[in-house]
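Structures incoming, each one as structure tokens.
Look for chain A in each of the two complexes below; its partner is chain B in the first and chain C in the second.
Right after this comes the complex of A and B.
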């Protein structure tokens, strides 16, 4: 019974923890401009993140070490540095976006400018990282983040034309008002949002934090294979809500307040309250994960003592690195840059950096020295290779498309 | 320079060249450049209109509604800035730009009115309803719809979808 509850908790946490500010904004933007014609990208992204998160969880459980640490050792300092540089910069952008997301959600609740909420968000994130146990932190934010199910409920309350939505999803096409370049630019952004690198580093370091062993692999696989796809459904619900309310009204999403409008229309003030709770939990959880991820990658590269399972005094550099990352994120926000713009760029840059994250994971997961008999099977390697090709194409096409479309304008 | 570095440099140069080429091809410096600000303005005024509707139905809270109106005002400011920096090359472009700026000004005014009306309390201190606060909203809604129509008309005339 206890094991079953553990599995259920893991799945629920994975669903609630799947959506972050990148997913929220990108799915709403895409829904308001392209309807559900980019739903297939969410599917491709979810399968990809399941594949590689499962792989990195397996590396951590079998070797007892986090993926990044193994990559650094297996592939040498130069490859490790390339991986660190790319993932660290993306992490920094994502931390900035998530803290901005918390502040924007609190502005939606209070009407008080988000700039005034930023310092509170910073202190709250730091306090939780400093004081709260890893499992509590992960489970609470994941479970409260489940409030975002309000998007799915709102979709039903809006009584959409299901046939039309299904047709948009099953017969994707570029809307007449948008160019093919913009369509593919947002396809890459959506893919980057679903496959953000921090998720795998956090997942594997979390596995070490929670002391996973080989016997825990089944539970981890269930969490990933059920939790992430259901999280993907939440992403689709966000896009569908925007497609039903905002697209016909000629509204293109550029702010978080616009993301909330379909939910408000469907469920009124109660739904809005649930939505704000969900957005705060999702962005807060993701801010914790990205901040920890930054600390993990730095500490694992330089060989510092790391982990929340150690007292802060025993992992001082790890904790200082995270404080510096948080302060850097807040400094960026203090310039007045729009957090939503940071989010939009962070998901595209995520896509650009994907090969540097996922190729090393694939190499390590195939190394019998680390994995023993738990190396990747043939089928997994074939799918992973196909994904590497997709990732490479997305990565190479991202910058030219960004320039050509004026970042999707 | 090692072989791998040469390859990296060549790849980067190719990407920069391709980017430059694409950005050059992407937009002609004509009425197409007005499409962005026009669509941004249209989206802002329609968002405000939907928000006022939701507030009239008491579905949106005052905090959420004013936040949305504030966001749309910022969006309008950005669209106006883009339009002001547009260098018209022909008399037609100049005329289109001027007409659009005039409508943008109308939209900004109506958004300001919407923000003020949405921020007005709808509950009187004694617990009753402050009708003055709510009463402004239909008038503001009319203003927003009129501004939307003006912009739509101009966009159709200019061939902006």
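Right after this comes the complex of A and C.
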């Protein structure tokens, strides 16, 4: 019974933890401009993150080594540092976006400008990182984040034409008012939102934090294989809500309140309250994960002591690094840059940086010195190789498309 | 870590005394994580210090084969990336005597706090982290 509860809890937190500000914004933007014609990308992204998270979780559980230790060992100091710099900057961008997301959600709830909420968000995130146990942090934000199911409920209440939604999803085509360049640019953004590298740093370091052993791998596989796809459905519900309400009205999403519009139309104030709760939990959880991920990547690269299972005094440089990252993120927000814009860029840059983390993990997952008999099976390697190609193509195509389309404008 | 495979008798050359474990310094030592006796990360390996004549010096007949005397670490990432060599005073030595094992990590037989290599960690702990309330408590 206790074991069953553990599995259920794991799945639920995986669903609630899947969606962050990147998924929220990108799915709503895409839904409001392209309908469900990019739904297939969410599917590709979810399968990818399942594969990738499983692999890095297995590497961490079997060898006890988290992603960035492996990256430095395999790539050496020079390429490793280049990788660290890129990953760290994108992580910082995501931290900024998530803190901005918390503040925007609180603005939606209170009417007080998000700028005034940023310091509160900063302090709250830091306090949790400083004092709260890893498992509690994960479970609470994951479970409360489940309130985002309100998007799925709203979709039903809106009584959409299911047939037309399904045909948009199953027969994808570029809408007449958008060019193929923007279509593919947003395809990459959506792919980056689903497969953000920080989730992998976080997942593998979390496996070390929670001291996974080989026998825990079954449960982690269930969490990932059920939780992430259900989280992907949540992403699709966000896109579908936007496709039903915003696309016909000609509103393309540029603010968080526009993301909420379909939910308000379907369920009124009550639905809005649930939505805000969900957005705060999801962005708060993701702010914790990204901040920790910045600490993890730095500490693992430089060989510092790290982990929330230690007292802050026993992982001093790790905690100092995270304080600096949070302050840097807030400094970026203090310039008045639009958090939604930061989010949109962060998901594309995530897609660009994906090969940097994906490839070393794939190599080590095949290295018997680390993995013993738990190296990748043949089937996994075939799928992993197909994804390597997809990830490389997305990464290479992203910048030219960004320039050609004016970042999807 | 793989043990050296036994070779056919005619191929065996006079073995160096320290034989037993075949390590590729590049592959098995460089950039490896170093953990202390309690499993606490200390640093990573940036270089090794070898015994014997310095590079370029003539090697007299009968000189012992060089062996690792210390693992080196420190703020030397700059020269590792852009080339060149810092003066040896820039390195922090971790004497080979305290190394307890080499696997996917290098494990030490002593506590991190007893090593020079952990000075920055201790400095940040004592000067910053321990001064913030809750810094010495377990997470709850």
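In the analysis below, the second predicted complex is superposed on the first by the 409 of 409 C-alpha atoms of A that agree within 3 Å, B and C clash if a C-alpha of one lies under 4 Å from a C-alpha of the other, contacts with A are read in each partner's own complex, and residues count from 1 in each chain.
In the analysis below, a contact is a pair of C-beta atoms (placed from the backbone, for glycine too) under 8 Å apart; a residue touches a chain by one contact, two chains touch by 3 or more.
From a predicted model like this one, the values you see are computed outputs, not experimental measurements.
Chemist: Looking at A:248, would you say it contacts chain B, chain C, both, or neither? Reply first, second, both or neither.
Modeler: A:248 sits against neither chain B nor chain C.
Chemist: For A:72, select first, second, both or neither according to whether it touches chain B, chain C, the two together, or no partner.
Modeler: A:72 sits against chain C, while chain B stays out of touch.
Chemist: Touching A:109 in the superposition: chain B (first), chain C (second), both, neither?
Modeler: So A:109 only meets chain B here.
Chemist: A:306 in the overlay: touching chain B, chain C, both, or neither? Say first, second, both or neither.
Modeler: The second partner, chain C, only.
Chemist: Return first, second, both or neither, reflecting whether A:133 touches chain B, chain C, both chains, or no partner chain.
Modeler: A:133: touches chain C, not chain B.
Chemist: By the touch definition at the top of the document, which applies to A:180: first (chain B), second (chain C), both, or neither?
Modeler: neither
Chemist: Go through the superposed model and pick first if A:269 touches only chain B, second if only chain C, both, or neither.
Modeler: Only chain B is touched by A:269; chain C is not.
Chemist: Would you sort A:399 into first (chain B), second (chain C), both or neither based on which partner it touches?
Modeler: first
Chemist: Please work out whether A:372 is in contact with chain B alone, chain C alone, both, or neither, and reply first, second, both or neither.
Modeler: A:372: touches no partner chain.
Chemist: For chain A, give the residues common to its interface with chain B and its interface with chain C.
Modeler: In chain A, nothing is touched by chain B and also by chain C.
Chemist: Using the touch definition from the top, list the residues of chain A that touch chain C in their complex.
Modeler: Going by the criterion above, the answer is residues 63-65, 69, 72-73, 76-78, 80-81, 130-134, 299-300, 302-306, 308-314, 316-317, 319-320, 369-370.
Chemist: Quick one: which bits of chain B touch chain A in the complex? Just the residue numbers, please.
Modeler: Its residues touching chain A are 15, 18-20, 22-23, 25-27, 36, 39-40, 42-43, 46-47, 50-51, 54, 57-64, 66-68, 71-72, 75, 119, 161.
Chemist: Which of the residues in chain A end up touching chain B in this complex?
Modeler: Spelled out, the residues of chain A in touch with chain B are 107-111, 176-177, 181, 245, 249-252, 254-255, 257-258, 260-261, 264-265, 268-269, 272, 396, 399-401, 403-406, 409.
Chemist: Using the touch definition from the top, list the residues of chain C that touch chain A in their complex.
Modeler: Touch list, chain C to chain A: 1, 30-34, 40-44, 46, 73, 77, 80-81, 104-105, 112, 120-122, 124-125, 128-130, 132, 134-140.
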